[in-house]
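Heads up, the next two complexes both have chain A, just with different partners, chain B and then chain C.
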Partner chain A sequence: MNVKKYNFPVLFILALFVLPFFFSSPVLLHVLILVYFYAFLSMSWNILGGFAGQLSLGHAAYTAIGAYLSTMLFLRWHISPWVTMFGGGIGASIMSVIIGYPCFKLRGAYYALSTLAFAELVRVLITNTDSFLGFQINAARGLLLPVMGHAPGYFQFVDKQYYYYIILSFCTILTIILYFMNKFRFGYYLAAIREDQEAAEALGINVTWCKLLAGIMSSFFTGIGGVFYAQYVLYISAQSIGALHISLEMAFISIVGGKGTIIGPIIGAFLLTPLAELTRVYLAGTYMGMHLVFYGGVLMLVVKFMPSGIIHPLRMLYEKIITS
Partner chain B sequence: MLLIQAILNGIFIGSVYGLIALSLTLIFGVMKIINFAHGSFLMIGMFTTFLFTSLTNYNPYISLIVVCPLLFFLGYMVQNFLIKSVLIAEQDIREPIGVLLLTSGLWIFLDNIFMVFFGPDYHALPAPFSKLSWSFGDLILINKARFFAFLVSCLAALILHFFLRHTELGRSIKAVGQDREMAGLLGIDVYKIYNIAFGVACAIVGIAGTLLTTFYYVHPNVGGLFGIKAFIIVILGGLGSIGGALLGGIIVGLIESFGAQFISATMTEGLIYIIFLSVLFFRPSGLFGLRYEW
Partner chain C sequence: MDLLIVEDLVKYFGGLYAVDHLSFSASIGEVVGLIGPNGAGKTTVFNLITGTYPPDQGRIVYKGENISGLKPHVTCRKGIGRTFQITKPFGSLRVIDNVLIACYPKSQTKKEAQQKAEGLLRFVGLYEKQEVLAKHLTLVERKLLEIARALASEPTLLLLDEAMAGLNEKEVNDAICLINKIADNKIGILVIEHIFKVITKITNRVIVLDRGKKIAEGDAENVMNDENVIKAYFGEDYAFA
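Moving on to the complex of A and B:
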């Protein structure tokens, strides 16, 4: 392991962990929490979209299912969200198998459209169901989580620092998992599938099984991200975490940062999320929707001039620096 | 009798859906481009009609004189300066998603630029226009605006069909769609044809926008839903088939209209997605399209 190469990332992560001791402004922490949240979601999307090469535009279905399942279990049986979090993740994984199995036959644009249709279907179903098997879903009114103040056992806190550390730890754990996934054979299988699926099949790789597994991993973590959102905002509705723009943001952040890489989505999140927040804070009053103008503009520029993502010129710069 | 009303309304709105899907299938069939920004062009057409009618107080159908050339020009420019370079860069990749992403970015960009300039308010044409209708007895009301939309859509589809089959330019477009390299070898300037085809498609979606403005509200985000429905119709009717797109549009319109009689209107949206997914899984070539090959 080339020690010098990992100096900067490790130092960066340590700095992020130490940051709240020096800067405790709630606004800064909030923006960073959002950055980590989108980085987490985008990294999960990246497992299927970047590493396996299946451009899924319906990942919001998994955030919605994760958040709703966890909240439904919590509201009905008062199980701690720390436990129902895994329920949400597993529920999202089951959904990904149901969606993935028929969709993986399709390629490229058809696959993207079918995942989009599934996600919209999930959103429509949630928005039209008031209760299901005794669980409250509340259709379009959304679910309100009971405000418990400072309740660590129930995944609720008043100060933002706790959320900060939780989501930062989630991101770090996911990064480590992705790193080891790429080291194991599975990572190479995915790379083969993403580059040339027929050739991979000819080599004897069980493509369907690999894609399904990638989908399961991806949706599991996406579901957990959804649960974090539910516990942070304490209100969920199909329009807030199940909507098309969430799917698109997950995909766009990964693509802008660098699709098949580990740090790509992180860089994308650090770039796009603060941009969105700052424009929303400063400009949305007079010019509504301005932050999305930047969003769309940045995406178009990146696709036109740096199609493999921002990470690649940055990486070349970084390697030049550390080898000098 | 409510059912007959529903059928008529379904056919009328379905023809407009079909017109939008028609232009999308032109782009999809000829250039294999997924154009997620199609709804945005529709929205631009609607705003142009609305502004023209508000400023000049003429009949909205007169705004077609402005909408068609403007949208053609816009489409031509977008294809030439934005999409072309990404297409060239990706021409060897079997599943080019760069253009898909580019058009998604364009969709978000256009929708929100209009939101910035025009605000999130809903606009509609002055009241009398969308409410005029003929009545047959007490039971059947035919809304004039929707009926004219149906007529113009069918007319536009016929003209397009004639254009593609019997004019030199139209045949070049078809040729490029069928086999790009061969068309290039025969002396057709492929990228110029792409520009023209995209322009024509945008002009057609502009016409659909004008028609919609006569009975639908205008808002920067209105394009998104129509865009997605257009994709569903394109795949339902089959790639590259103009008649299929129009017919698919009418079928979707009928399903929506019918469905709304029995289940709540918001659920009919879900019905469309279910139909879409079934078609994708069981008959990906659609009703009339070419054999599914990827």
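Moving on to the complex of A and C:
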């Protein structure tokens, strides 16, 4: 085991943890929070989309369900989002089984399209439903969370630093989980399914079950990501959290960074999210959705010149540096 | 007792009978050859036994248990291992990981699976290549990797689908040695093969298929001289030549 190989990633994470002590500009923190938020979502997406190789374009359904579920429970019974966060994740997981069971029989583009259709279905349902089982969800107007000031017990803070640390910890925990997943049985099974489903089956791997489990894990963390968004922005609507562009961004970031790798989505998020923020700041007034055009451009370049993501040239460079 | 009994098996795709009322059996310690012209339904028989498709009619009995319609991952765990005619390596994974994955379902720990995988790579002669990515292997190495992965499931019934197609003379001889090493008194083997030399050297018994039907059965020499078999391979005109 090469210890040196892990020095840089560990130092990098430590550096991110101490960064707010030196730079506390809210703009910088906001951009970094968004970077981590998208990195977290993309890492979650990557479990199903990358490691298991099932290109899902419907993960916005899970962020929406996570965010709505926790917010509904909070508004109705004042249950702390720290608790309902898990409810949101579990709700998203249940949805993933409902979507996954019929869709996993499909391959490639057909699978991608059917997940996309399911996510749109969820978005349209939320947009047109005023109350659901007695919960007020306000259709297209969206849900506003009450501002409670500094309330750590209720996942609300005045200072951005707290959100910074929360989402950074989420990312770190997920990275560790993925690292161990990849080292053991389940990670290997997913790799086999990604490479050749028929061969995986012939070797005794229960493909349907593995895909469902990957979907459950993936949507659970995506749902938790949705809850974080709700607590950070304090306003959710089907347009903001359940829209197609959320699904696409998760997939883009992973593919550009390197899908099926642990670090890929993190690199992708560091590259694409600030780019998106800059285009939003400078061009949003005149050109709406310009950042998606940039995403598209970067995606085309990456697919053309680095089909397995930016991570691969970077990794080779890194290995050269540590071995020299 | 027969290891595998196939009874009145039928599979059609649309109106085409790929397997047409086929019955045969194989027992432990036996190497049975499955031959026939292209499109005779040999690979379909393998796909039916492993459960890739459910049969439309008939039964497949393995170790006294009806396994027709069970999924491939279930039949594999019951001890039916197979190789694919067109090799299906996990290309972007290392050779050792390819075999490790195959060992996992029958192992408790990663260490156990790793030891088994290394043993299998030694057995088929790919130990030196274990760090190589599977997509960089040559054809013969891919075929060996297929065999190693099929053996990883500790099969009692091994199905080899053209494991030697495309190999040169020396490679074929090595492969024959390997299969003779695998064949012992604990395992039954079904082989699909076109190379005549291989059939005569490794099989105890040959079943000839044509358009899904069994047209001959017996030892290799007799079957090759059978009138129906000559017709099936070369056409009517050659029948009494």
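Quick note on the criterion: the second predicted complex is superposed on the first by the 319 of 324 C-alpha atoms of A that agree within 3 Å, B and C clash if a C-alpha of one lies under 4 Å from a C-alpha of the other, contacts with A are read in each partner's own complex, and residues count from 1 in each chain.
Definition applied: contacts are C-beta pairs under 8 Å (C-beta built on N, C-alpha and C of every residue); 3 or more make two chains touch, one makes a residue touch a chain.
The structure displayed is predicted, hence computed values, not measured ones.
Of the two partner chains, chain C is the only one touched by A:Gly204; chain B is not. In the overlay built on the shared chain, the residue A:Leu125 is in contact with chain B alone; chain C does not reach it. When both complexes are overlaid on chain A, the residue A:Leu144 reaches neither chain B nor chain C. Of the two partner chains, chain C is the only one that A:Glu195 touches; chain B does not reach it. With both structures placed on the common chain, the touch criterion links A:Ile322 to neither chain B nor chain C.
Once chain A of one complex is fitted onto chain A of the other, the partner contacts of A:Ala117 are limited to chain B, with no touch recorded for chain C. Within the superposed three-chain model, A:Val281 lies out of touch with both chain B and chain C [touch as defined at top]. Of the two partner chains placed by superposition, only chain C is touched by A:Arg185; chain B is not. In the superposed pair of complexes, A:Val10 makes contact with neither chain B nor chain C.
Note for the complex: chain A touches chain B at residues 55, 102, 105-110, 112-114, 116-118, 120-121, 124-125, 127-128, 244, 248, 251-252, 255, 287-290, 292-293, 295-300, 303-304, 307. Residue ranges of chain C in contact with chain A, taken from their complex: 50, 52, 71-73, 76-77, 82, 84, 88-93, 97, 100-102, 104-106, 110, 149, 152-153. Contacts from chain A toward chain C in the complex involve residues 183-185, 188-189, 191-192, 195-196, 198-207.
The residues of chain B lying in touch with chain A in their complex are 34, 82, 85-86, 89, 94-98, 100-102, 104-113, 115-116, 119-120, 220, 224, 228, 231-232, 235, 264, 266-267, 269-270, 273-274, 276-277, 280-281, 284, 294.
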